[in-house]
Structure formats: C-alpha cells, structure tokens
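The following pair of complexes shares a single chain, chain A, combined with chain B in the former and chain C in the latter.
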Partner chain A sequence: MATGKLRNQKKYFTLICLLLFSPTLIAQTESADITTTPPAPVTEVVAFDTPNDAGSSITIRWKKSPDDRPDDSLFAGYKILRAIYPRGEFQQTADAPAGAEETFDNEARDGVEYTYRIRAVRGDLYSDSEASPPAQSKQQWFHTGRINTLIGCLIIGLAILFFINRAKSGKKLYIRKIAGLEAVDEAVGRATEMGRKIFFIPGIQDIYNLQTIAGVIILGRVAKLVAEYDAQLEIPVSRSMVMVACRETVKEAYLNAGRPDAYKEDAIHYLTDEQFGYAAGVDGLIVREKPATIFYQGAFFAESLILAETGNYIGAIQIAGTAMPAQLPFFVAACDYTLIGEELFAASAYLSKEPKLLGSLKGQDVGKVVILLAILIGVIVHSFGLFNFAQLFRVQ
Partner chain B sequence: MDSVFSHTIAAILTIGIISFLYKDNPLYKFCESLFIGVSAGYWFVQQYYANLLPKLFDNLGITKLVGAENAPEGALQALFLEGRLDDNLLYLIAGVLGVMMLLRLSPKIGWIARWPLAFTVGSSAGLYFITYFQSNAMSQLEHTILPLNSFNNLVLIVGTVTGIIYFYFSKEHKGVFGGAAKVGIYFLMITFGASFGYTVMSRMSLLIGRIDFLFGTWLGLVK
Partner chain C sequence: MRRQVPLLLTAIVGFVYIIQFFVPHKPFNIIEHLFTDWILIIAACAIWLGVLNLLKLSSEKVYKRAKDWPYALVIICGFFMITVAGFFFSGGRAFQESGTAFDYIYVNIFTPLSATMFALLAFFVASASYRAFRARTFEATLLLLAGFFVMLGRVPVGDLMTSWLPQGYRLSDLAGWIMMVPNMAGQRAIMIGIALGIMSTSLRVILGIERTITGGE
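Right after this comes the complex of A and B.
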C-alpha cells in the first residue's frame, strides 16, 4: 500500500516537473536550432542596369529571407557577392541591412557582365542564394524621369527663339517700365553735375553667376552714359574674372560712346576675394571718395547692408539689383531704387534693347503664362480630387 | 602668454573696425588695409593649393616633371612614357584657357583673353539653365499646386500667382492685372519684412559674439 502511494507521488512529481520545465526545454531546443541552422536563403535575385544614370551602377533586388524578421536579433543582414559572368569567383562587394530588398553596386565597370549572389547572415551562419542572371551597367543618354523638364525647356526655348527672330526682324517688343532703371540717367547726370564719382559694385560672386553677368550687362549701359556725360566711374571688384569682364565691358562702352581716350583701366580694380575684407575696403572708398551715385548690381550676401548703409550715410543716390532673397530687404530699406529678383535680369534687356536679350525676356514671359495656367488648372483639378496634377512637374 | 598677445591684437583690430561707426580714422584705415592685404594674399595661396596644384599641376604631372618628391605621375607622363591617353589630359584645356586669360597683360594680343571669358560665361549659363529651371520653376510649380482646402494653401497659391504676375514684363501694370501685381508686391514686402527682422537678429548675435570676445575673452570682465 505504502509502495503504491510512493509510486503515485513519483508520477505526480514527474508530471509537475514536466509541466514546469517543458517551455524552457522547448525554448532551449529552438535556440539550439537558431544557432545551429543557417538562415533560409533569399530568393528571386535579379540584377539590372540602374536606369537614368551615368553608368557604373547595377541595381540588385531580391526577396528577403523568411528568417529576416524584426524579432530575430541574431539576423545580421545581407552580403552582396559579385562575380564576373560566367566563370568568375564570387567576392563580397557590398552589405545590406536586415529588411533590405534592394541595393546598388556602384563600382561596376561599364560593359562587363556581372552575376550576383545574396548571402543571408545570421550570427556566424549564412546561406547563399542562387546566382542572378547576368547584368551589365551602361550610361544612358536620356533621363526618362526628366522628360517634363525637357518639355518645359523646349517650350521656353522655342518661345525665346521666336521672339528673338521677331526682335531681329525689326518688330517692336513691349516691355513695361522698370522704376529703378528710369532713374539710371538721372543718377549719372547728378554725379556729373556734382563732379563726383559713380561707384558700380558688381556683387561678390564670380563671373559664372548669372546675377553677376546681368550686373555686368547693366554696367555696359551705365558706362556708356558715364562716357557720354564725361563723368567718372570706379568699380572695385572682389573677383579677378569679374574684373576682366568689367574692364572689357567698360572699354567697349567707351568705344561705342566715341570716347576711347577717356577709358581708365585702373578705375576697375581688384580688392580681395574675402567677403568682409571687400566690404571694409568698399566702405573705406565710399566714405573717402564720397560718390554721388552707387550701383549695386549682382549677387550679394551679408555685406549688402554694410555697403548700402554706408552709401546711404554719405547721401549717395543708390540703385540696387539682386536676386538674393535674403539681401533684398536691406537694399529695399537702404537704397533709393531696388531691382527685385528677376527685374535685375529684365533690366539688362530693357537697357540694352539687344534683340537676343529682349527675345529672351519675352520668351520667359511666355513661360510664366504657362506656369500660371498650370497652377490655376492644377489647383482646380486637385481641389475637386480629380487628378494629382502636381505629379506632372515632379523631377526625379 | 601667446593667447594674451593674440587676443590683444584681435581686440585692437576689432575696435579698429568698429571705430568706423564713429567716423573714418587712421586706425580703421590701417585695419582695412591689413584685412584686404592679408585676405587677398590668403586667397591667392588658397587658390593655388585648392585648384592650381591638385587639379592642374598634379593631374597633368607637372609637379613630377619639376622634380617634386612623392609627386604623383600625371597625364603627361602617361602620354609620353606609356603612350596612353589619360582622362586628366583634359585639364590641359583648362590650363590653356588660363594662359589665354593672362595674355590680356599684353596690349597686342590682349583680345585673346576674351575667348576663355566667353567660354566660362557661356558654359556656366548653359549648365545653370537646367539647374535653375528644375529648382526655381518645376519644383516650385509642383509644390504650389495644392487643393484649396486650407487658409495656408490659399495664401501660398495667391502669393505665388500674384508674385508671378508682378514679374510679368510684357504688360503694363494697369486695371485688374495691375491690382494683382500690387497684391504680389505686398506679399513680397511682407516677406522682406520678416526676412529683415530675422537677419537683424542674427546680426545682433554676431555683435554679441564680438562684445563677448572684447569683455569676456580679452578683458575677462564677463564670465
């Protein structure tokens, strides 16, 4: 009887032990599986030339390993193995994190066929995929994601060509008055009457900046007036290339005005490339020379207010023009006239009456009409939820 | 001791520049000349080491040619020693354009300098055309086409449309068109006002930085 009780107690004890420790045992078994079994390989590996690029890049895509799960902390990610097709040796070329299903091989040689394997790595174990079909990189002539840019450029380009031809054929192209420019003659005349200098500051950017180019074109008109009025012009510059361009422009303007003898090369001189060194130098010149008129035409940065305030302090007529949005408030506050943004570019066409510039300005106006129409149509269509019109203008 | 000396020099130069607020004076003139001279020299050296030496002399192999130690072999060595056309040989074109620019020092053949200038202006205008068109037209357009379902969107759309109308040069600002242009210029002025205030505040922080240097770092009066 006692033996039977003891047997029953042993059974219960074993049962309780099994109930208590079985989850741990199962977990230990699973853990042993994770650390001893390699992860399932990735599948559907494909490689192809990366589209719309300048070559040297192959895109590799795959379907991730079933063991690549966020809760699996041991899963380390993928290694990209590359071999020259068909008999090259596979070597690691890149890494991809867990969860990734795409990467780029940006070190491919154009025209060489490569094949890829993706190695799924978990802990010290790994498994390789099947090799991908061969792929080779090449550069594309056209970026198909930028067709919209091409269409936009063509519309504006053709409009510009059309209006240039109209201007060349002698037809008058209307451009509205730009207040700041109407004052140029008056400002040069005032300096002549006062017998004081005219300063022209072409900004602090190099000649490749479009604002500097526009400023130099305006300088041509100012210099011609200065030559005709027999006034004095001084141009301190901060870039050597701009100095050369200004000298060429002023020399030509004096020549066109029939006063080549009055041209003084030294009046166009270099100070320094350093922004505030230049500002200090121009400020010094302004207070010492006390010019009657100062033109600021070009690209300006933090020195704009320093210069414009000094000019304002000595009582000079100041005509500014820039397309730098952050500096426009200072010029508006401290100068008599300011050409805002695109007015700077329009001014060069307005002053020179050059068919190419006039045609260019009119062509851009056509572009603005197209943009306005696009906005109006797009807003209406988008508001009624008919079509996301904005996506037509997305540039990849 | 070194820092006391350098801080004193920096403080004197700072005071010299700030003294311009009173009037033009000999100390300002000295600081101005020093600033211009030092920065012009610095930029020359910087241009040499950032552009001329690595891009032209090293890539072409001129540095190696003049016998500099550890200088890399360049395109000229590849061409004359190995009979190979190296991509870096293209830098020769830039070098020739640079020399052409210097020819303006000679009155007789100074006209040659116009060619590199025309090349620089033309090529950069062409390159920037696409960049500006994408950022200033296409991207702006994409982000302006919004549904009219909030006050913010309305302000954005009206501001952009009237702003563009202001910058339309083929029609005089009269009537309804002139009214729209006027609204556009109001939008611009409000933007300028906000930008003015923001920038003035940032300039104040620059001034505070210099005052802190004078009274803190230099004189030690502010801890």
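Right after this comes the complex of A and C.
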C-alpha cells in the first residue's frame, strides 16, 4: 500500500518536473536548431545605378530573409558582398542592419560592372543569396526629382522677365500702396526736423542672406534720401561683410545725391557677431542717442522685440521689414509700420519707382496667380479623391 | 570696370548656383560646398575688419573723452581680457575646454550676460502684448480673442473649464484649431509671398537690374 503510494508520488513528481521544465527543454532544442542551422537566404537581389547623383553609387535592394524577425535576437543583419562582373571575387563592401531591404554602395567606380550577394548573418552562421544582375554607376546630367521645381522656376522667372521688358517699353504698371514705404519720406523728414539721428539696422545675418541683401538695397534708397535731407544716419552692424557692403552702398547713395562730402564712414560701424551682445549694444545706442527714426530691415530672430520695444520706449518712428514669419508679430506690435515678407523684397522697386524693377513685382503677381490656381485645383482634385495632386509638388 | 566686374561675377555665381541645384553631374555637385567654404574663409578674414573698426572707434572715443567714453573703455578692456585669456592662459588650442581661463570668462560672464538680455524678452513681450491686444479695432479684437483662447487652451485649466464638453470641442481643441487652420493658412500665405519675393529679388540681382548693392543707381 505504502509502496503504491510512493510510486504514485514519484509519478506526480515526474509529471510536475516535466511540466515545469518542458518549455526550457523545448527552447533549448529550438535554440540548438537556431545555432546550428544557417538563416534562410535573402531573395530577389537587384542592383542599379543610384538615380540623380554624381555617380560612384549603386543602390542594392533585396527581399529580407524569412528568419529576419524582430523576436530573433541572434539575427545580426546583412553583409553586402561585391564582385566585379563577371569573374571577380566577392568581398565585403558594406553592412546593413536586420530589417533592412536596401543599401547603397557608395564606393563604386563609374563605368565598372558590379554584381552583389547579400549575406544573411545569424550568430556565427550565414547564408549567401544568389548574385544580382550586373549594374554600374554613372553620373546624371539632370535631377529628375526636381523637374517640378524647374517648371515652376521657368514659369515664374519668365513671367518676371516678361513684365520687366513690358515695363521697359513704357507700359504703366499699377502697384498697390505700401503704407510702410509711403512713410519713409515722413520718417526721414521728421528726424531732420528734430535734428536727431536715423538708425538703420540691417538684421543679424551675413551678406549672403537675401534678406540682408534686400535690407542693404533699401538702405541705398534711404541713404539717398538722408543725404538729400542732410540728416544723420547711423548703422550699427553685426557682421563685418555687411559693414563693408553698407559702407559702399551709403557712399554711392551720397555720391548720387550730390553730397559725397556729407558721407561719414564711421557712422557705419561694427558691434559684435553675438546675437544678444548686438541687441545689448544697439539698445544702448538707442537709449543714449534717442534717434528719431529707426529702420529694421533684414533677418531678425529673438532680438527683434528687444530692439523694437526699446525703440518704441524712446518714441522713435519705427519701420520694420523682415521675412522671418515668427518675428513679424513682434514687429507689428512694436513698430509703426511693418513690411511683411514679400514687401521687404518689393521695397527697393517701390522706392526707386524704376519701371524695370516695378515690372519684376508684376511678375511676382503672376506667380501668385499660378499658385492660387494650383491650390484651387488641388482642393477640388483631393476633395473628389481623383489622385494625389500633392505629389506633383514633392521635391527630392 | 569697377561696376561691371562685380555684376559679371554676381551673374556667373548666381547662374552656376541655380544650375547646380538641377545638375548632379561633376563638377556641379561640389559647387555648393565649395562656395560655402569660400564664404567661411572670406567671413573669417573679414571679421578683422569689424574688430579693427570697433577698436579704432572705441579708442578714439576714449582718447578724445567723447560722450559716453566709459562704455568704449569697457569694450576695449573686454576685448583684450578675453583675447589674452584665450591666447595665453588657456592652454593653446584647447582654449575652449572646461577649466581654462577662456572658458571661465565665457561661462561666468558672457553666458549670464546673454541670458540676461534674452530674459528681458519676457518683459518686452508683456508690454508689446498689452499694446497689441487693446481692442480698439475689429482686427485687434479678433487678435485679442484668438490670443485669449489659444493661451487658455494651452494650459490645463482651459480643459478643466470645458471638461463638460465632449472630446474635440474643448478649449485645447479650439486652440489647436486656431493654430493649425487660420494661423497656418496665414503663415503659408506669407511664406509663398516670401518665396516669390526671394525669386524676384535674386533674378534682379543676378541679371544686374538691381544695382544698389554693387554701387549703382
């Protein structure tokens, strides 16, 4: 009886042990399979010249190994083997992580045919794919992913050129009034009457920024007016190259106004390249000199409100212009007039009243019509689900 | 000649820069990097123009005891202090590493001064907002209302106040809608205008129609 009970207990014990340890045993068996069987090879390996590049690059694509699974921690990824077609020896040229199905060989020689194998690696084991068909890299003369940009540039560029020519032929063009630019005369005149300085701040970016260039162009027009009114102009700058450009522009403006003697080189001076150091320097000048008029024309960042509020505090007439959308609300709040975005670039044409320059503004309007039409068509096409209109405007 | 050469250079560089965007073939593929390198080199050399100009004007001010000359003295002292610390007391090339005299000045003087200037923005934003949000006109009233709802919708109390409303109709949703729809539409319109303006100005400069910057009428 006791022996039977003991035998039963043994049976239960064995059963419990089996239940407890069987998953481990199964896992160990599987693990043994994984560590002894190489991974399934990748398939469908293709290689082709990387499009729209300067050569030296071949794109390799494949269908990943069925063993390349996120839960398989032993799967190490892929090695890219390359050989010169047809009889070259395969050598490793690159690696790709697990899950990848594309990589680039950026060390290919143009005009040489290569073939590729993808080696799937798991632990110490690996399996190689079939060799890909041969491919060679070459340079392209045109970036096909940017054809939409080219078309857009051509339409708008030609429209601008057309209206410039039309303006040259004497055709009168209507340009809407821009309050900020209408006020330039008044602002310069006020400073002259008060006998106080005019400050011109051309932003904190260097001369290669188009906003700075636009600012310097406006400075040329303002400086001519200042020379004619015999007012005082001061231009603190934050970049050396901008200082040089401003000096040349102002000097030329004074010369054109017939007042080369009134030009003072030291009125255009450098402060610092540092953003807040510059803001502190200009603020100090504004508070001490109390200019009657301040122009902010160019690229501004966080210092925009620091400068404009200080100018507002001393009661100066302030005319700002920038193409930094984030800074526009600050200028609108703190300045008397603000040139919003495109108005900054239109200012030079507007102030000079030169037909050729005004013609370019008309060309811009054609660009706006084209964009408006595109938006309208896009809304209709997308609303009816006809096709993905937005993809036409994607630039690579 | 003095005007023609810069105009010609501007036209060549401008057109080459446009071409390199569409042509990946050599040598156009390296032009952007090449030009960037040139700009950096020129800017690095040109900084001396600015520094020397600053020192010259400041020295003149101090020498002549002109108005506000003590400020000019601070500029000169600051310049020489950081230069001497960087060149002679900071271990040569490793002058930017922590623990050097240069780093000490940078961390303990320059950074707090910059932070102070930046912090001033908080007060300036308050005074500018006060002026901007005065409901004197219809547009200013709209601005005030939009600002009110956006600010309230961006803090938890906004949602707490409107928790009785179904999801999607609370203050945070209204704030999100204002930012993503009318605000985004306005910003994009401005951006389109800016892009066209940049294109037009670039063409004018490249074609030599706009000559103010190169010393013309």
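We adopt the following convention: the second predicted complex is superposed on the first by the 339 of 396 C-alpha atoms of A that agree within 3 Å, B and C clash if a C-alpha of one lies under 4 Å from a C-alpha of the other, contacts with A are read in each partner's own complex, and residues count from 1 in each chain.
Please note the rule applied: a residue touches a chain if its C-beta (ideal position, glycine included) is under 8 Å from a C-beta of that chain, and two chains touch if they have at least 3 such contacts.
It should be emphasised that the depicted structure is a prediction, and the values quoted were computed from it without experimental measurement.
By the document's definition of touching, neither partner reaches A:Leu373: not chain B, not chain C.
In the superposed model, A:Leu357 lies in contact with chain C only, and not with chain B. In the superposition on chain A, A:Tyr174 makes contact with chain B only, not with chain C. Of the two partner chains placed by the overlay, only chain C lies in contact with A:Gln139; chain B stays clear of it. Of the two partner chains placed around the shared chain by superposition, chain B and chain C are both touched by A:Ala245.
By the document's definition of touching, of the two partners only chain B reaches A:Ser383; chain C does not. Shared-chain residue A:Leu328: touches chain B and chain C both. Of the two partner chains placed by the overlay, chain B and chain C both lie in contact with A:Ile340. Of the two partner chains, neither chain B nor chain C is touched by A:Leu154. Common to the chain B-facing and chain C-facing surfaces of chain A are residues 146, 149, 153, 156, 208, 210, 213, 241, 244-245, 248, 270-274, 276-277, 280, 284, 288, 302, 305, 325, 328-330, 332-333, 340-343, 346, 361, 367-368, 371. Every residue of chain A that touches chain B in the complex is listed here, in rising order: 146, 148-149, 152-153, 156, 174-178, 207-210, 213, 241, 244-245, 248, 270-274, 276-278, 280-281, 283-284, 287-288, 302, 305, 325-326, 328-330, 332-333, 340-343, 346, 361-362, 365, 367-369, 371-372, 374-376, 378-379, 382-383, 385, 389-391, 393-395.
Residues of chain B that touch chain A in their complex: 17, 20, 23-24, 28-29, 31-32, 35-40, 42-43, 101, 104, 113-114, 117, 120-121, 124-125, 128-130, 132-134, 137-139, 141-149, 157, 160-161, 164-165, 167-173, 188-189, 191-193, 195-196, 199, 203. Only residues 18, 21-26, 28-29, 39, 42-43, 46-51, 53-54, 57, 67-68, 71, 113-114, 117-118, 120-121, 124-125, 127-129, 131-132, 187, 190-194, 196-205, 209-210, 212-213, 215-217 of chain C touch chain A when the two sit together in their complex. Note for the complex: chain A touches chain C at residues 52-55, 139-143, 146, 149-150, 153, 156-157, 160-161, 164, 206, 208, 210, 213-214, 216-217, 220-221, 237, 239-241, 243-245, 248-249, 251-252, 256, 266, 269-277, 279-280, 284, 288, 302-303, 305-306, 308-309, 312, 323, 325, 328-330, 332-334, 340-346, 348-349, 352, 356-357, 360-361, 363-364, 367-368, 371.
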